[in-house]
Structure formats: C-alpha cells, structure tokens
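After this come two complexes, each holding chain A, first together with chain B and then together with chain C.
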Partner chain A sequence: MKTKTLKHLLSLFTVLFIGVAFFGCNSQSELGSNSDAAQKVYVAPGEYDEYYGFFSGGFNGQMGVYGLPSGRHIYTIPVFSQAPVNGYGYNEETKAMLETSYGFIPWGDAHHPELSQTNGEIDGRYIFINENNTPRLAKIDLKSFQTTEIIEIPNSAGNHASPFVTQNTEYISAATRFSIPLDDTDVPINSYKKNFQGTISFIKLQDDGSMKLDFQLLVPGFNYDLSHSGKGPSHGWSFFTSYNSEEAHTLLEINASKNDKDFIAAVNWKKAAEYAAAGKGEMVKADYRRNYYDHDKHMAYSEKHTEVRVLDPSELEGIIYYLPTPKSPHGVDVTPDGKLIVAGGKLSTVIPVHSFDKMIKAIENEEFEGEVYGIPVLKYESILAGEVENPGLGPLHTEFDGKGNAYTTAFITSEIVKWSLETFEVLDRIDTYYSPGHLMIPGGDTRKPDGKYLVALNKITKDRYLPTGPEMFHSAQLIDISGDKMKLLLDFPTEGEPHYAQAVKAELLMKDQVRFYKLAENNHPYVTRSESETKVVRDGKTVHVYMTSIRSHFTPDNIEGIEIGDKVYFHVTNLEQDWDVPHGFAVQGARTAEILIMPGETRTLVWEPQKVGVQPFYCTDFCSALHQEMQGYVRVSPAGSNTPIKYSTGK
Partner chain B sequence: MKILKTILVTALLLTVACGGGDTKKDASDNKAAKSTSESGLSAFQLEHGIGPITEVITASGTDAAMIKKGEDIFVMNCSACHKVGERYIGPDVQDIIDRRSPTYMMNMILNPDEMVKKHPEARKVLAEFLAPMPNQNLSQEDARAVVEYLVSLKK
Partner chain C sequence: MEAMKKQNMIIMGVAALLLGLVYLFPIWSIDLQAPQYPEGIGLNISINVIEGKRPQDLQNINGLNHYIGMKPIVPDSIPELKIMPYIFAFLIVTGLLIAGFGNRNYVLAWLILFGVLAVVGLVDFYLWEYDYGHNLDPNAPIKVPGMSYQPPLIGSKQLLNIRAVSLPHIGFYISILSISLASLVWWRERPAKEA
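Entry: the complex of A and B
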C-alpha cells in the first residue's frame, strides 16, 4: 500500500511538472518558475510599492497611477476629461481647466507623461502630459496629484510630439503632428505643399512654476511625431522625428512611405531662445487659453492669450538641422550620456544611431547634402554612429538601463530587443503579448536610469485576461532587466490606452504629499469656515447655499424657499482636518456629477430644480458609521410662490 | 484513482488546516493585546489621557488673548459638533473642566483616534454619542489655546 501510494504520488508530480513546464508557464519560459516571478512582484498587505508609475490614459484623457512592481492601480488623475468620480470638469471650481479657444471641451486624448527634471534627473516636482486632439499641455503637481495648469498650443494640430522636457525643465516642447494652413485660411486640401506648415513650440516653465508659450518655430509641412531633449553634452538641443516628408495629404499609409529617408529635426533651442529674447521673429496673432488652478482660492481660472512669437528657421540661422533617418522614424531617444541619438524607423530594417559629436562636426564643416525649405540637411554618413542589425520589425521606442544597454520595442514582431550601446549588437530579446508601442524604464529617458524593471505597453490584449466582450483594457507587462536575460514577471491591465508611462522611486514623492487643506488658509470666494457662517442667500433667481460638512451632518440640512426657475449654488466646505476624510454631495435631479470635497476644501454644485416637492441630498462618500444619517432636504416651491428662505440643522 | 483523490483531499485539508492555524494565532494575539490595554494604562494616562502630552499642564482660563485665539480655533474646528451649554453631536463643553483635566483635553484633541480605542473614559463617551471625534490636526499651541477657552467657559 505504501509503495503504491508513493508511486501514485510520483506520477502525480510528473503530470503536474509536465503541465507546468509545457502549459502553465509558456510565457515565463525565462524564469525558473512562476513562484520566482510572483515573489518579485508581491507587495505584502500594508506595504508600499517601490515605484509610482504614471501611465497616460490615452483616449480616456486621464493619467493612471500604478504601483510597481505590483501593477496595482492606485489612483487616476483627471486631466483632460471630465471625471464624474469627483466632479472634476463638472463643478464650478474646475470647469475652467477645460476651457479652450474652441470653448469648453469635456474630453481629450492624453499621450505622453513626462516627469520634470533637474540636471537631467527626475526631481519629483511635476509631471506633464500632452493632449493630441485639441493641442494642449497639462502640468500636474506631484504634491497633490492634481492637474494645476493646462496651456493650449495655437498654430498646431495633433499635439503628438509633446511634452518633452529639457535637462532642467527650462522648456517643455510641443510639435504638430498634422501640418495645416497656419492662419486658418480656407484653402483647397490639395494645395498642401503650397499652404501647409508645421510648428514646434517651446513652453517655458517660469520661476513661479507657471507655464508660458515662449516661442514657436515655423517648420516645413511634414508630420512631427516624437521628441527628446539632449542632455549633458547635448544639453541645449532637442530632437524631433518627422515623417511624411513626401507632404502627402491623402492615403498616407502609401503616400507617406515612399521616401527612403525622412528627417529628425535637431533643434538648437538655446539659440532659438536667445533669438526670442532678443526680439527676433515676429509676434503673430493667436487665440489660445492658459488655465490654472489657484490653491489659495481652491478655484481654476482661464486666461485668454492673443499673440505668440514665431521664429522662421529659414531666416534665422543655426536653429534647425535635418538628420536624414530611415524610414518614417517614430521615436527618438537620447542615451543617458547625451552622446547618441537613437531613432525608431518604424519601416526600417535597422535602428539608426546618430552621434551628437559627429553632428556638431558636420555642422561646423558644412557637410550638407542639400537643404529643404531653407533648412540644411546633414549627410547621413557624416553623422551616423552605427546601425543595429536585426532589431525586429517595426522598431518604435528605445529606453536605457544606465548600464550600457538599450531596449527597443519591435511592434510588428511583438518583442523587446536589448542591444549594446558599445557594439550595437543585439544581446537578448523577449516576446511581449502583444505588439508593444512605448516601453518604460524608471528614469529610462534621463541621465540616471534605474535599470531594474521595464514595462512594455502593449497595444493588443487579445487573450491575456478574462474576455470582456469586444472591448478590453490594454495590457502592460513588467519585465525584470536586472540580469543579462530579460524575464517576464507580470501582466497587468491598464485603463484607456497608455501610450507612454514614466516611473519614479516612491520615496521621492511621498515626503511632500498634501494630506488635507488647511481650513484657515481656504480663501475660496464662497468658503464657509464654520457652521456659524452657514447661510442661504437669494439674489434674484440665483440662490447661494453656504454649506458645511463634517462627520456626519451637513449644515444647513433643511432648506426651504427654493422655487422652480432658481439656479442654486451649493458651496460645500468640508470642515474636516484629517487625511482621507472626503465628503461627497449629491442632490436629486442635479444634471451634473456629484462633488467630492477634500478636507478643508470648498466645491460647488449647481442645481436647477425642475420638480416641485421636497428633494433629498446626501453625502456620497461613506464617511463614518453614521454616514447613512448624513442627509438633508430641500423644499422646492412653484415659481413665484414666495416661500420665505429658511434653513437650519437640528431644529 | 481513489488513492489519488485521497491524496488531493488530504493536501487540500492540510492547506486549509494551515490557514486555520494562522487565523487562530492572530485571534489569540489580539486577545492578548486587548487585555494588556485594558489593564495597561498608567495612572497618569487614566487621569490625563494617552497622547503627545506626557506631563501635567495647567490652564487657568484667564488669559484673555489666549481665550480669544482658542475661541476662534474652536469655532472653526470644533463647533460643528460641540456646543456650549448644549449636548449636540458631541458632549456639552460648558463644564468640561469638572470632568477632564486640561492635560486630558489636550490629548483628546491631539490624539482622538487612539484615545477612543484605548482609553476607558473616551470609549465610554463614544459608546454614548456614537460619532468618534475627528482629528482636526491642531498644533499643540493651538490645542493649548482651545483648552484655555474651554476652561474659561466654566460658570
């Protein structure tokens, strides 16, 4: 009996082993076992992740915050889209953030998160993100994880090559994906070559932290795609990929893929900034907004701007040089030492790597193969440092580990390829599931990469998770890059479409976090700092309710004298002064989102009652054991009934 | 086949048993912690509360400037729940000095979460009023001013 059992046990283990070896771990073939990977990504209950990961939400217009290595989704920062979850873009305080020259826009297409840098290293102050559809650029304050500024980019369409920061965040850049007739003229589309142009914009981060559109460069009508700034020796330069040097205006799939080489625009932004400071170029009419959030008043404001300085590089020498690059280059990435410029030519069979030193020498020696619209084109052979052979098909983006290696995504062959910055030889490759666009290494585009993990941001999900009908979240994959061989550790789903992500050691951001707003410092125009200040004030058809909330009651919680036809502003101040005690507010029939009010903050919900009767309101965020008691009533009388204004709590 | 099943079931049982063992251990740990806290408060803590104030302070309720400052802070941070001369969400504060030492008031203001968990008096008040006192994150200086104001309320 005993031997028989043993025999059975043995065969059971054999079956298990074969099962695991051949089926269970097919995607983890590089690892000893699943439990190795599990241990590396396991963050015990109550423990923190090592990194904050900031993932663009793509077409959800927001930014997702994920803990790494666990892949846990820990927060979503509302940026370019209204967020009913907390009222961002719905309430009176934040609506102005979404104002544009086209009016109020409730949605945006968020693409590339970019952490601010000092001396080429992540400094933990801000994270920026661009909006593609209505060209804009947002700044998020990492003390509060709140969007505090959004600037619109005029003379632009499809703000894709954005927002990339210079070494000390002197500037944040933006560039047009779509070239357009710049002065909004009504011209035939087939007059593209004659009338269409692009722009590259430089937004200055001023000493007080606010953004200013400093100048724009007029560039030929190609499609500008992505960018990165130089660092170290190449500090002062920025590099922008372009495609469609054919200047096609229809069926770009074929017509923009004809030329052997397109261009990387090497922009000497320091020189351009000097020209701008000296008053060169011209101020042209423009229509754009700068929206900012005033923490003192807990309120956003929208500022109208009417002109911008435009510099023409065909007239002002030394601002732009074109680096010929095969073939429809997408990403452009600068090595941590600032010496090499790596291009992801998405239709190319090699990865071309340009040398910054050679570029400077070629400029000095005027090794030009010609010029395009007055911009000198450097000779490919003069600037090339080398080509990476056999990098996989569809190379898009490259990041670095700070240990002499580069990692490039190959979209078509669905893999990540690791190669040496010294020999340009491929060292390792790993399959991803499926079709990676960007990839991210914490600090991987800075002078100090943290080469422990890599995240592949895959465009196709297919069979990776439980199916959810035709639409699925995108898949991200965490890969261990600490050793010679890359090892797949974890799949995790991400909201929207994370085009790009950046990550930073959590300890850098944790120390300065805001936990609540000080009531005494709340200067909102309708703040109510104590219950004794609560009131209901009628001004014609407008009624202002100055309300407070604290666990677990509103003051006032009985309101009478509201009539049909009134516009009622509920200004609710949360009197709590402790971390993580928000209160919510919703009133029946309100045709907007709830407001979620952080401790010490004031938020305003507008309500235009439509039905006579008594309407309830309540706290939407479970706040205490008596949360279900946190409620009130508003009496709504017919129009013109002159029911006197009356309000109270506990009476 | 039957034996295989038996092995699997045994393995499952073992896993469950392991899990169960852990839970049991946690429960007994909690019990131990609870009994120490019930009997573990020092005489100082019983009289003056648990928190950052570990030495007896006195408050006369006569410093006019401090009373004014304390009243302003009280109105903004406390009056949503505490009324003077009236029981409301929390206890009436009119004669609080008859029930609590100034030091106790300080610790209750500065450390309410731990107080309502561990201090028998604070627990008793919570059981009666049901709404736990929020931490309004006052500085020690501001809390001291509030205490001066509270002491001054005594009729």
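Entry: the complex of A and C
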C-alpha cells in the first residue's frame, strides 16, 4: 500500500517535471526576429503564393494543396478515398476510379507525390502519388487538379517505394514494401525465406498520357522502401533501398535490424526495358485494374488486366546490382548532378554517400563481395564516395539546394542537418517540431532545385497548435535556406499525415488552369445540354432523371411517379458556363454523398427511396442570391401504385 | 465642275475601303465590373452581332439580368444587326464610286449621309438600351423601387452592385477615321480663293 502511494507520487512528480520542461520555456524564443520571418511568409490579401505545394494526405488517401510560403491550405484533391465533399468515389461517374481486383475500395494510404519531369526538371503536366495499402498509383492532371488515372500494381504488397519518375517521365516506378508469396499462394508464414518474394514495377507513361504496366522485376524477399531515379550521367538507372535483408517475418523491429548492412538495389531500367521490348522474361497471370477518367464523357471507366511481363534479374544479366548500405536504409536520394547517391541509413550513425562513377567502375571490374539470390553485391569500399559524420540520429531523407548542399532529416534528434556535398561536413543544423520524416525543397529531387525554402514534414505535433483532443493534424515547418544559416519562418498544420511533398513555381501551373468545362464538349451518356431536353424516363424499376441546374433553379423541380422499389438516377448537368459556379444536389434520405457539379459537367446521384411521401431536394452549394430557393420535390408513391410520371418547372 | 486631284481621289477611296474593317472589329463595348468578377465580364457590339468578351459572357449576363427581369439578349432577334452590314456596304460602294467620280459635292453628300446614319444608329442604340433597362418582367425576383437598369450610352454608371462602362470600340474609331479622311478630301478640294 505504502509503496503504491510512493509510486503514484513519483509519477505525479515526473508529469510535473515534464510539464515544466515543455511549457516552462518558450520554444519559439530562438526565432529572434519574428517580424522578419512574418514578412517573408506574408502574402497580402489578393496576392498569390510563390509556389504550389502538394502534400500527400497519408491515411486520408488524398493530396493536400498548400500555398507556399504562406502555408495556406488551398485545396484537397480526392485521390484514393471517397470524398463526401464533392461526391468523388460516391457518384456514378467516379466510382470506377476506386475499383480494384479486390472490388471497390473506399480508402487508401497516400504517401509520395511526384511531379512529372522533362529533362530532369518539373514540367507541370502531372503529379503522381502512390497508394501503400492496396498497391496502386494515381495520376493527377495539373490543368484540372483532378485524379484522372489509377493503376493497380499486381504481385505487390505495400506499394511504398513509389512513385518515382525517371528523368523524362519515361517510367514511374513502384516496389513492394512487403514481400509476399506471389500468385496468392497459400503457404505457412514461417516459410518466408522459401516462398516470399518482392517485385519492382516499371509503369510506362505512354505518348497519349496513359499508364501501362510495362514490366516487373522479380527480387529477393526483402522490404523495398524508397527510391529515386538517376539523372544526367546516371539517367537510365534507378535506386531502391531495401531493409529486412534478414528476411524476418515477425517482430521486424528486432529481427530486421540485425544486419550491419542492407542493400540499395541499383536497377538499370534501360537495360530491363530493352529485355522487355525484346520479349524476354515471361508473361505471368495477374489480376489488376487500370481506371481512367474520360474527359470527353466526364466518366471514369475500369479496365481489367490479366497478365504482366516479369523479368528475373538472376537470369537476365546486368539489370540489378546491390550496393551494401548501413543499417536499414530508408530514403535514397540522387544529387542534382546525378553523380552521388545518398542513403538514409535510419539506424546508422553516419550518412553513407555512394558514387555513381565508382559504382559503374566496380561493375566493370567485377568488384563483388558476393551474390544474394543470384544478384551481385558490390564492395562497399569500392563504391563509397564518403560518409557524413555526426548527422544526427535517425537520418531518413535528403534533398538538395542546387548550391552544393544537402539537407537531411534526423528523425530521432528531431532536426534538419545541412551538409556539404564537397566535404561531406555538417555546416548547420536546425530543430524541427517534432521528428521530421521527409523534407522538401521545391525541385529538391530534380536537376534544378530551387534552394529558397525547405519544408520539414513532421510526424509528431503535440503542443504546436491549439489542442484538439487526442487526434490532431500533423505539423510542417517552413525554413529559409537562402542564406548560410537555416532560419525557421513558419509553422503550419497539414491535413492527414503528409509523408512527402513536392512544390512547383505557381506560374508554371496557373496559366493553364481549367475554369469550367465547355457544355458543348460534354459527351456524358446522360448529358442534358438545355432545359428543353430535360426529361424523366422510366425503364422498369429504373428511372432516369435528365436534370439541369442553373442559377437558381433545377429543371424539372417537381417530379411525380416515383415508387418505392425504384432506383432513381438523377443525372444533373450544370448548365453554367462561368468560373466558380458549381451547383450541388442532394435528396432527402439518399444513402450516399451529395454530388457537386462543376459548370458544364454532369454528375449522377443514385437514390432508392425508402419512404412514401414527398421528399425535397436542393442545391448544396450556395450558388447565388436565390440559392435558398433552389429546391424541388419528388413525390414517392407506394410500390405498384402506378402514379403517372410527371415533371415540370414553374408550372 | 473640275474633277478632284488624283491624290484626294485615292484618299476618298481609302476612306471608303477602311469601312471594310468595321466588319472585323466591334463598334461598341459594354464592360460590367463587380467584385465577384475579377476576371471581367462584358459585351462587344459589332455591326452584325452581339458577343460576350469571352464566349460565355453573353449567357452569364443574361443569367444575371434575369434576376432583375431584363429580357435576355438574343442577337438573332435584333433587326439592327441584320440591317447594319448592308448600310456599311452601301457606304463603301457609294464612297468608292464618289472617289471614282471625283466630285467634291458628292463627298459632302456622303459625309452628311454617314453623319445622319451615325446619329440614327446612336439614337436607335439608346432606345434599345432604354427598352432593355426599363421594360422589366414584373415577376422578377429582385425588384428595387425606382430602379431601372439602362446602361449609359457612353461613360459609366453604377447599377446595383455592377458598374456598367460603355465605350466605343475599334470599329467606331475606324468609322471616325473614315469620316475624317473624307472631310479632309472635301477641305483640300475647296475652291481656290479669287485673287
């Protein structure tokens, strides 16, 4: 009894102590010149941010768009998760985007945004993002900020090392984080070493902008974590970190942390693509979907695929070499000149930096220390360019400023460390709040970084903002990297869990933004281009309502003849041809989300009325001065009552 | 009467031919300015058509106007737009003939005719604007007592939340240039003073 009281007292003491430690000192005090920082991030009313920032939403499955340097959240692009905000993934037009070989999946885990590149520079065409849980890869059109394609990756699990583009976006890569028995084989889990394998996939961006799973490389059953493509002299190669070379299948935190070195897989994708083009490897049965959005029809379609080309690097020479790399490397980043490969050995006390030139020489001279499952392992000493000493604990990711410096996040010591690519010496360090994962410099993984700002994407928020109960947004910090010393400018909350982000100069995207869709070009199968074409058509138990919306009424707005047991499709075309005049549509008791219809677009809400009576519907988007008048009624009669179909507006 | 100098005949011909450009450029412009339209919205009036400054503007102006009960602007139903191209064709043909004849008095007659047509045109435009601005649907959702919505013939006027700015466009200035050239011809051909 006595000892218990003592324990309680002690723990109370500890809590008090930590409390004082946290709140007693002002963590912002180091900022010094707050007004200077405020000026740098202040975007006056009516003015624009300098950059678009694309932040993955992590477990919200979407992509957040933030203005930088202000940190203002300006949009969320629905990608892998249903979005009740506009009906994405709920309405008939976009449901197909979320189809998979497992059926319809309403949620995803989105990690890494990746802007398309031409000649190693951001070109502003597309941004890609991966889905980790049910391996998929999405393409977003940057003219409309809409998801226009999602391709599923078969023979994969945990699509983490994705999507990383090659220098001209020839390919987008994807690799398994979780190795699995392929072909969905039913085997004991402890037969891991015998049966489990990984794959690295290369998805081709074709000339018409569509994605095609070109080939997969069969790789040993490690965990493939992250990737980056080579550029300039290393163009043609891609680098994938792997951990769990121990091939553990349980308690990985201990069992996968044993080996001193794991591997970076250096993949000669150009050579692999040649093999694939020559018909090497074999076509393997696979079950995956490619979903795409047809702009002309304003409708998504899901395409079933049944096979994929698989290349085995242990049989086809020269596709993969392993670069030994200390302690479960996480990020792998290639310098802007394409000459150095920086690894984030997350349990390592140094940052190892490999040389691409040395790697090529070591391959030519066959300086191998052995082989793993038929894949040559190069000698660490033969490929190493240098090691960065004292980089902080838990180094994860590195980006570059284009001025000869690298910046690495240290998760455990919660800081960003700036170091020289020339001397490999640490030049500066700055605290982040708290525990950064990725960091981002606009263009920081391309040939032309824009070394003005850096964003730290933190994993822990705690006391940074007004408390919102146990669950809170993640924190990001904007850091000025234009001078010798890094300076903290801004701290802003971000939705979901942004793992990685990318940013692009606003002017590259602004000029081509779609403001509305042309009604004349809307070829939706149920489009209604004018009020005179509106109608209600019964086909057995199915009723199609061809409806239009324009400020401030629906046509028709009185509908009769619907019965219990009917399936009613409201195909609503927004007749507006003006910027920022969406109309919404919702009907009482509909067991789905509203539809939000952009000007010139058609969207379909399916309603299966449950109750006899008269149900109202209305516009959900405050569209005009008479928005509150924008409403209508549907009369629902009992099943079999044969109430005639009647519809009108203004009668 | 003596024929005009060759140079003046050419100038008169240019004055007539210049009017051909009126078929290519709008003659009048109405801009509507409101905070909700940072991108601008407006109409261009040509001799044969009324168009939005951008393709969607006419539909949107009609959409806005329906709240205050103005009739929709339907270019196909405006007879002036059918007649005006012929009037300008007539001016071009007669202008060219006069340039050929080289008769100073005919130049004056052409100028007077042009002037009369211009005044008639502007009066007609004013009356059209008056009708649109005053002849309102009694069932309009927005009714402001004493308020009418006639845009100014020239200049700007605040109409509820919208400032309407009405100004001549390129076609008008081309016509002015044509008139100036014809006037110049008439002036240069003035009879020499008796010594």
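Rule of thumb we're sticking to: the second predicted complex is superposed on the first by the 619 of 651 C-alpha atoms of A that agree within 3 Å, B and C clash if a C-alpha of one lies under 4 Å from a C-alpha of the other, contacts with A are read in each partner's own complex, and residues count from 1 in each chain.
Just so we're on the same page, contacts are C-beta pairs under 8 Å (C-beta built on N, C-alpha and C of every residue); 3 or more make two chains touch, one makes a residue touch a chain.
Since the model is a prediction, treat every value here as computed from it, not as a measurement.
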Chain C versus chain B on the shared chain A, clash or fit after superposition: clash
Contacts of A:V572 with chain B and chain C, given as first, second, both or neither: neither
Contacts of A:V332 with chain B and chain C, given as first, second, both or neither: neither
Partner chain in contact with A:L626 - chain B first, chain C second, else both or neither: both
Which of chain B and chain C A:T555 touches, first, second, both or neither: first
Partner chain(s) touched by A:V342 [first = chain B, second = chain C, both, neither]: neither
Residue contacts with chain A in the superposition, chain B compared against chain C: B
Chain B versus chain C as contact partner of A:V219, first or second or both or neither: neither
Single chain C stretch clashing with chain B - from 3-11, 111-119, 147-155 or 183-191: 147-155
Chain A residues contacted in one complex by chain B, in the other by chain C: 516, 550-551, 576-578, 625-626
In the complex with chain B, residue positions of chain A that touch it: 4-5, 8-9, 12, 516, 519-520, 529-532, 548, 550-553, 555, 575-578, 581, 624-626, 650
Contact set on chain A toward chain C in their complex: 516, 550-551, 576-579, 625-626, 629
Chain C residues touching chain A - in the complex, by the definition given at the top: 39, 55-56, 59-60, 63, 67, 141-142
Interfacial residue positions of chain B with respect to chain A in the complex: 3-4, 7, 75-77, 79-81, 88-89, 130-132, 134-138
